[in-house]
Structure formats: structure tokens, C-alpha cells
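What follows is a pair of complexes built around subunit A, which joins subunit B in one and subunit C in the other.
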Partner chain A sequence: MKKFLPLIIFAALCLVPLMDLSSYVMHILILVLMWSVIGMAWNILGGYTGQVSFGHAAFFGFGAYTAGLLYYHLEISAWWGIPGCVIILTALSLVVGYICLRLRGAYFALATLALGEICRVATENLVDFTQGNLGIMLRERTWVDKTWYFYIILLIAAGTYVLIKVVMESKLGYYFVAIREDQDAAESLGIDTTFYKTISLCLSGVLTGIAGAFFMNYMGYIDPGVVFPLYDISITIVMVVMVGGAATYWGPIVGAVIMVFLAEEIRSIPYIGAAHMTIFGVILILIILFLPNGIVGDFRKLMKPFKRKREATS
Partner chain B sequence: MSLIEVKDVTMQFGGLAAVADVSFVLNKGEILGLIGPNGAGKTTLFNVINGFYRPTKGDVYLKGKRVTNLRPHVLCKLGVARTFQVVKPLQRMSTLDNVVASAFIRTKTKAEAEKVSLEVLKFTDLYDDMNVLSKGLPLGKRKRLEIARALATQPEIILLDEAFAGLNPTEINEQIEIVKKIRTERGITILIIEHHMRVIMAVSDRIVVLNYGQKIAEGTPSEIGHNPAVIEAYLGEETGA
Partner chain C sequence: MPELELFLQTLIAGFLLGGLYGLIALGMALIMGVMRVINLAHGDFMMIAMYIAYWLFTLFEIDPYLSVFVAAPALFLFGLAIQKYLLTPVMKVESILPHNLVILTVGLAMVFSNLATVFFTGDYRSTPVSYASNAWYLTDYWPDSPIELSLSMPWTLSFVIAVIITIALWIFLTKTDTGKSIRATSQDHDAALLMGVNVNRVRMVTFGIGMILVAAAGCLFIPIYYLYPALGRQFTNVGFVITVIGGMGSTDGAIIGGLILGIFESMTATYIGMGWAPAGRFAIFVAALVFLPGGVASILRKRRLGK
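After this line comes the complex of A and B, so read on.
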């Protein structure tokens, strides 16, 4: 049963557009799937390989701008951004990896934090190339209806899930986790830590970039403040994974569901809504204190009080 | 035939020479003991041989080839494995996965890596613990896990850094058997750092003695046991000589 659960969920999601849901609900579902992809991508680097990044907005934004600039300068469909960003993001990851991955722990996190901000400021100022704060707008989106967007992001999400599953069951996966647990031990066991950390970063960066390229196509408009922000992207990615559970297959997906719904719900509450970031902060603190492995990682712990109650009543 | 040759190695940390002009040869098939009081530079020398440190002066040769500035993972690929004095298990991985992760260096598929690992776990008597998370293992078993991981890389040479420290007498005897078996059954050459005189005298063919970073003696266990410089530096009380 457990083995088929991903397939069942995938099949169920395939049927969702047939239910004739409102365009708002479809939008939320698309966002959930997109954040799942981003969360899973971050999880490769931050969860499995243990290199926490606070700058994934850089990869997301690079993906989005790859799609946007291909459209703007070359006047080809922005969908070319998805294959295009595989190349661009691999290149970016190699450069970033070469510079940052020699750093360990907190220093790596700080370097990535700077990276995200550098990308935002650079995009704002390279007006000739990126249109700066004017942003890039698609004259018309491919489809008005959301159905196809839903299927595309569903396919990307399913592909990401399968890819991660395959990677984590292979030599690469063992090496990633070994690096997380102890870099010196990993090194002396014959693992080229710098090389494998770079691979992890490339995988993570490319997948995040694909989500970014999808975002460009789906939203039809991007500017530096939308795709490179520290809070709305970089920090939210970390939250999605931490809430759901780092280094678990389902953590980022559960995290994405919770965070997107929560964001929508809280935003619609009058007065408090504007403070949704504050509320997220409080949630993150509570999660770190009581469920350090996230909802998926600490699922048993989470279920404990309910089980005891049931036993007491029966 | 010499497998590893350490030639005039000096390792300087600031003004302190942790290792000064040390030379010795590790021959194929032997067990060479490396002893010395605390702070004599034994582990530093290991880190130089293993590639964690670049020596300030001098060179290390593996089968006649200079390997001084190679990184640890390259040396591992060339057949030099090591264990750590302060054990470094991959904590949130099971015992089996710990060994599998290191077996991957010479195997391609997961099935092959697991086959190698299971055999190594049997060899080191950890087979029954293979599904335990390695942070839950008692120290004795963690020390053995270090050896198991090193063996899984299928090395020619193993550097054992205090694989006996903190073990009780029964565990020490088991460990001695394992170390001897590594050579007799697998033909692996061993360089071993140890504080326990009983252990080092029992397993070594030859012993190199360090004190304050300098090599003060080299010879068979009985020669070392009677060497006045060694007795003065280190063995004095224990042998009562």
C-alpha cells in the first residue's frame, strides 16, 4: 500500500482538473505544486547534503529571468526557459559552488544569503538587459485556462520526486548523507566532498530554476522584487522544508501544502493578515522547538498524544 | 618492499613543530606500531600521511610515488584507509549504510556495495547491529565500525588511530584478534597508533617511537622494550625496567 501511495496521489491529482474547480482553487493547487518542487530541490542540498542555503531565490530568479529574457530578447516562447535554465543554472551552480562550497556550515549559509541579494540588486540595476524594476511581461500567456499549467507543474513535480528518489537510493545519495553527517570522515572514506557537494548544488539549483521558469510562464510577469526577494522566496523555501521535514521524501510536499494554504488563510484575516510573516516566524520557532525533524520527520511524535488519548478512552 | 615511505617530514603549527624530521618505512605485509606519549605527534603524522595536512617540509611516498599534497579521498582511492581516534560515525545512518557509503568507492551498484558491506560486517562482528543507527552503538562497537568502514574501501594499507582507546579488557582482546585477522586473512598492511603497551607489543612486528615530534627509536618490540631512551621517555613505569 505504502509503495503505491505516490502513484495513487499522482493519479488523483491528474483527475483534479476534471472536477471543474474554481480558478482560485486551481491557482492555489498550482502554487502548492510549485513550492513542492522548490522545497524538494532545496532539500537535496539543505536536507540531504546538509549545506543550508539562504539564497535559493538566486536560483529561482535566474530560472525565471532565463525564461523572461529569452522571450524578451530573442522573442521565442518563454517555455524555452525550462530547457534553457538547465544550462544556465548548471553554469551558475558551478560558479557558486566553486566559490561558496569551500565554506562550511554557517559560513556557507551566509555566502548564499549574500548571493541572493547580489542577484536582486544586479537585476534591478542592469536596466538595459533586464528592464530593471520595470520587470518583464509576457504580452499574452499561453493559456487563459489553468488546466495545462496545472498538468505541466504536476509533471515537473512528479519528475522531481522520482529523480530525488532515484538519486537518494544510489551512490550519490549515500555520499550526500555521508557529507552531511561528517565531512572529514566522508573525505577519508574516499568521497571527494567538494565534487559531490557541487553536484548536489547543481541538482538543487537546476530544479529550483525550472520552477522559476515555470513561474515566469504561469504568472506572465516578473520583476526583481518578485523573484529575488529574501523573505518571500529564500526564507520561505527554508520554512517549507523545515515545517514539512528536512531530509524526507514527503517533507517538502507536506510543507508546501501547509505553507501555501496557511499563507492564503492568514492573509484573508482582517487586520492580522498583514502580519502573516510574523506569524510564520512564530510557527518556525515552534516547529524548531517541538518538531525539529518537521511534521513528516516527527510524525510519530506528533501522533503520540492522540494515541494515548484513544487508549485512555477505550 | 616499502609501501609507504615517510621522508624527513616536518609539520609546523605556528612556532611549534608537532612533527620534526621524521622518516620511516612501512613494508608490505607488516604491522608497524607508532607509539609515543601524549602530544608526541602521532596523529599529526597520520594526518600528513592521509592527506589532511600538507607537511611544512618533507614528503610521503606511496609505492615510490610522491603523494604529499594529495587529498584524503585520492589517497583512499589509491588504497590508504584510516580510522579516527575520536570516532566519526555517520550518526544518522544505520551501521550498514555507514559501511555501504564507504564501499561505494570500488563498487558501482548498490547491490555490490551491500555485498561487500555485509561481508565486512561479518568480519568485524557487527552483523547483528547492521540496522542500528550508528549513534546508538556503544563505544566498543563504534570503534569496530571505524575499522569496518575502512575495510569496506578495500584498502591495501590501513592506518588505525587508537582503535583500542576506551575499550574494556574483553573488547581489547576481540579487537586484537580483528587486527591480526586483517593482516592474515586480507593481506592488508597496518600502521597502528596505540597507547596500550600490551596491545602494541602483542600485534606489532616493528615499532617506531616518537617523543616531542621526533623519532627517538625504531625496532622490534623487544628491542624497543629495552631501549633506554624509550624507557626514559615513555615506558619507564610500565615495564618496570
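After this line comes the complex of A and C, so read on.
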């Protein structure tokens, strides 16, 4: 049963558009899937390889801008951004990896934090190339209906899930975990740690970029403040993974469901909506304190009180 | 010689800015050295101090420079509480993700900057002190000098106070027992523990001192800068960029790094464009990562060993 759970969920999701849901519900579902792709991508690097990134908005925004700029300058469909960003983001990841994955400790976290800011400042200032703060708008979106967007992102999410599963159960995945657990030990066993960390970053960056390119096509409008913000994208990615559970297959998906619904709910409450960052921050702090491995990672710990009760009653 | 004038003026502005940046980075470097944590809420603590100074000025007309004596103790206590009730418990938590504490400080930063927006709105504020536009001109003292340079009074005042605080910190770190145990803990945590240093207390004190430094920096910045809730992030960035340029956890490096960054930033602002100043900040950060990963501290150490 457990083995087929992903397949069952995938089949169930395939049938969702047939249920004739309102376009708002479809929008939420698309966002949930998009955030699970980004969360899973971050998880490869942060959860499995142990290199925490605070700047995944840079990869997300690069993907989005690749699609947008292809459309704006070359006047081809923005969907070309999805294959296009594979090339661009591999290049970006190699450069970033070369610069800061040689170093240990907090350097990588700081460098990624800086990367996000660099991208934002650069896109804001390169007005001739990126339109600056005006942003890029698609003159018309491919479909008005959300069904096809849903299927595309569902396919991307399923592909990401399968890719991660395949990678993590291959030699590569074991290298990643070895690096996270003890870099010196991994190195002494002959693992080229910098090389494998860079591969992990490439995988993570490219998948995040694909999500970004999808975002451009789906929303039809981007500007630097939308795709490169620190709290709204970079830290939210970290939260998606931490809430769900780092280094678990299902963690980012569970996290994405919770975070997207929470964000939508909190923002719609009057007065409190303005303080949604505070609420997110408090949730983040509480998760770090009490559920450091997330809902999926600490599932047993979460279930403990219920189990004891059952034992007591029986 | 307007070009030379511009260059020298930019250099002076950068130097003054760098001294203040150094003060922000000093607190960060101290915390980094002792706790092995980059405090990404550093700038937001500074924002809190600036709001304290701002409200003291607006409500009671207390000079921002005097509000150091209110803001610094307030943030010291606040820092102790944060260290005791948030950072220490998290240090004991076991988790898969490394950098748990860093993520915690990001959470704090989110809460602070958002709460500031909720309570004080996103308006830009400043303290219009009476001497804000006072300045000293070179021609006043040397009537037939070929070039004209000016020295803004609040900037100079802030810089001088920053230097005094830095010297006071240096005396504290080298002459007192607490200061020595802070340096010992920062050099080798386990050895300090074995020598009978109460590492937990040292951590608390260090975090408190970092808060004092950043509170002072906030009060020094408010007369010459403006204030808005999201300002913290900018100064957090400044802080960690300097910490990396200076070498992680090195206080000497932080001061030199502060001056380097201040001068570099004011040069990019003058010669490339205002909007690019943040990019210049990160360009020098990347350059430091590529060419000098150990930071200025590694050069200083080599010098010392070479003797």
C-alpha cells in the first residue's frame, strides 16, 4: 500500500480538474504544487547535502527572468524558458558552486543570501535589459483556463519527485548524505566533496529555475520585487522544508500544503493580515525549537501523546 | 581641480561611513567568534535601537547621541533575554539541518521588521537635529587652499563616538577578566571550558555586548540617516559582508573591513551610481570569497607569525 501511495496521489490529482472546481481553488492547488517543486529542489541541497541556502529566490528569479527575457527580446513563447533555464541555471550553479562550495561553515549560507540580493539589485538597475522595476508582462497568457497549467505543474512536480527518489537511492544520494553527516569522513573515503556539492547545487538550482519559468508563464507578470524577495521567497522555501521535514521525500510536499494554505488564510483575515510575516516568523521559531525535523521527520514524536492516551485507555 | 575634490570628498565620506560600519560589524564579529553564529537579525536590532532614539527625540526632544545611554542598556537586557530563552535552548536541539541558529535569527528578523511595520507604519522617519547641516569647510581654516573640502558635523561626531566606543571595547577585551574570557572562548571553545571559563555566561555577555554595540551604532546613525522598518536587512547585509571581508569572528578584521567597505561603497555611489552601491557591496563580498577566503584576519595573522 505504502509503495503505491505516490501513484495513488498522482492519479487522484490527475482527476482533480474533472471536478470542475472554482478557479480560486485551482489557483491554490497550482501554488501548492509549485511550492512543493521548489521545496523538493531546496531539500536536495539543504536537507540531503546539508548546505543551507538562504538565496533560492535567485534561482527562482533567474528561471522566471529567463522565460520572461526570451519572450521579451526574442519574441518566442515564454514556455521556451523551461528548457532555456536548464542551461542558464546549470551555468549559474557552477559559478556559485565554484566560488563558495570550496569553503565550509556559514560561507555558503551567506553567499547565497548575497546572491539573492545581487540578482535583485542587478535586475532593478539593468533597465535596458530587464525593464527594471517595470517588470516583464506577457501580452497574453497561453490559456485562460487553469486546467493545463495544473497538468503542466503536476507533471513537473511528479518528475521532480521521481528524479529525487532515483537520485537519492543511487550512489549519488549516498554521497550527498555522507557529505552532510561528516564532510571530513566523506573526503577521507575518496568523495570529491566540492564536486558533489556542486552537482547537488546544480540539481537544486535547475529544478527551482523550472518552477520559476513556470511561474512566469502562469502569472504572466514578474518584477524584481516579486521573484527576488528574501522573506517572501527565499525564507519561505526554507520554511516549507522545515515545516514539512528536511531530508524526507514527503516533507516539502506536506510543508507546501501547510504553508500555502496558511499564507492564504492569514492574509485574508483583516488587520492580522498585515502581520503575516510576524506569524510566519513565530512559526519558524517554534518549529526550530520544538519540531526541528519537521512534521514528517518528527511524525513519531508528534504521535506520541496520542499513543500514550490510547494505551492508557485500553 | 574638481575631480580631485570629488575624489577626496568621496574618500572622506567613505572613511566616516566605514567607521560606523565597523561598529556594526564588531558586534557581529564578536557574536560570530564566541557563538559560531551569524546573527542575521543584527540589523533589525539596530532598527529597534533607532526607533528608541527616534521616539526619545520626537517625544522628549532628547538628543540622539544621548539616547545611546537608554538604547544600549535596553538592548543589552533584550539580548540577554533572547540568548537565554531562545538561542541557548536551540543550541541543545538536535536536528538534521545545520545552521539551526542562523535560521532562528532570520525568524527573529522577520518578526522584528514586520512588527515595526505594523506599529510604526512603513513611513520614512528622521530626527531633524538642529546641527544636521552644520559643516566645517577647509577654506575657513586655510583660505587660499586650492581645493574645497567639507566635513559634515553630525557625520564627524558619529565617527568620533564610534572610535571612542571601539577603543573602550578594545580596553575591555584586553584588560578585564570578562573580556579575556570572551577572547579565550572565541579562540577555542573547549579549551576555555577546561580552563574554568563559564562558557554559557560568556555567551550571554557576548551577545549582550554585541547588542550594546549595535544599539550605539543605531543611535549614531539616526542623525545622519533615515529610518524605516525594513532598514534592518540592509545593515545585516553590511554586517555580514564586513565579517567575511574581515575574517569570520575577527574583531581587528571587522574594523578594517568596515573601513574598506565604507570607502568602496561611497566610491561606487559616486562613480557608478547610487542604485549600484548595494551591488558594489556584494561585489567586494564575492571578491573576498574568491581571493581571500580567510579575510583580512588571515593577512594579519601571517604578519604576526612572520615576525
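Just so we're on the same page, the second predicted complex is superposed on the first by the 312 of 314 C-alpha atoms of A that agree within 3 Å, B and C clash if a C-alpha of one lies under 4 Å from a C-alpha of the other, contacts with A are read in each partner's own complex, and residues count from 1 in each chain.
Going forward, contacts are C-beta pairs under 8 Å (C-beta built on N, C-alpha and C of every residue); 3 or more make two chains touch, one makes a residue touch a chain.
Remember, it's a predicted structure, so these values are computed and weren't measured experimentally.
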* In the superposed model on subunit A, is it clash or fit for subunit B and subunit C? -> fit
* Asked: In the superposed arrangement, which partner chain does A:97 touch: subunit B (first), subunit C (second), both, or neither?
  -> neither
* What is the contact status of A:188 with respect to subunit B (first) and subunit C (second): first, second, both, or neither? -> first
* To do: In the overlay, answer first, second, both or neither for which of subunit B and subunit C A:252 touches.
  => neither
* Which holds for A:281: it touches subunit B only (first), subunit C only (second), both, or neither? -> second
* Which partner reaches more residues of subunit A (counting touched residues only), subunit B or subunit C -> C
* To do: Considering only touches as defined above, state whether A:110 meets subunit B (first), subunit C (second), both or neither.
  => second
* To do: Would you give the minimum C-alpha distance from subunit B to subunit C, in Å, for the three-chain superposition?
  => 5
* **Touching residues on subunit C, where the partner in the complex is subunit A** => 38, 40, 86, 89-90, 93-100, 102-104, 106-111, 113-115, 117-118, 233, 237, 240-241, 244, 248, 273, 275-276, 278-279, 282, 285-286, 289-290, 293
* To do: Under the touch definition given earlier, write down the residues of subunit A that touch subunit C in their complex.
  => 46-47, 50, 52, 54, 99-100, 102-103, 105-107, 109-111, 113-114, 117-118, 121-122, 124-125, 180, 230-231, 235, 238, 242, 246-247, 274-278, 280-282, 284-285, 288-289, 292-293, 297
* Which positions of subunit A touch subunit B when the two form their complex? -> 169-171, 174-175, 177-178, 181-182, 184-193
* Structure fact -> Seen from subunit B, its contact residues with subunit A in the complex are 50, 52, 71-74, 76-77, 81-82, 84, 88-93, 97, 100-102, 104-105, 108, 110, 113, 149-150, 153
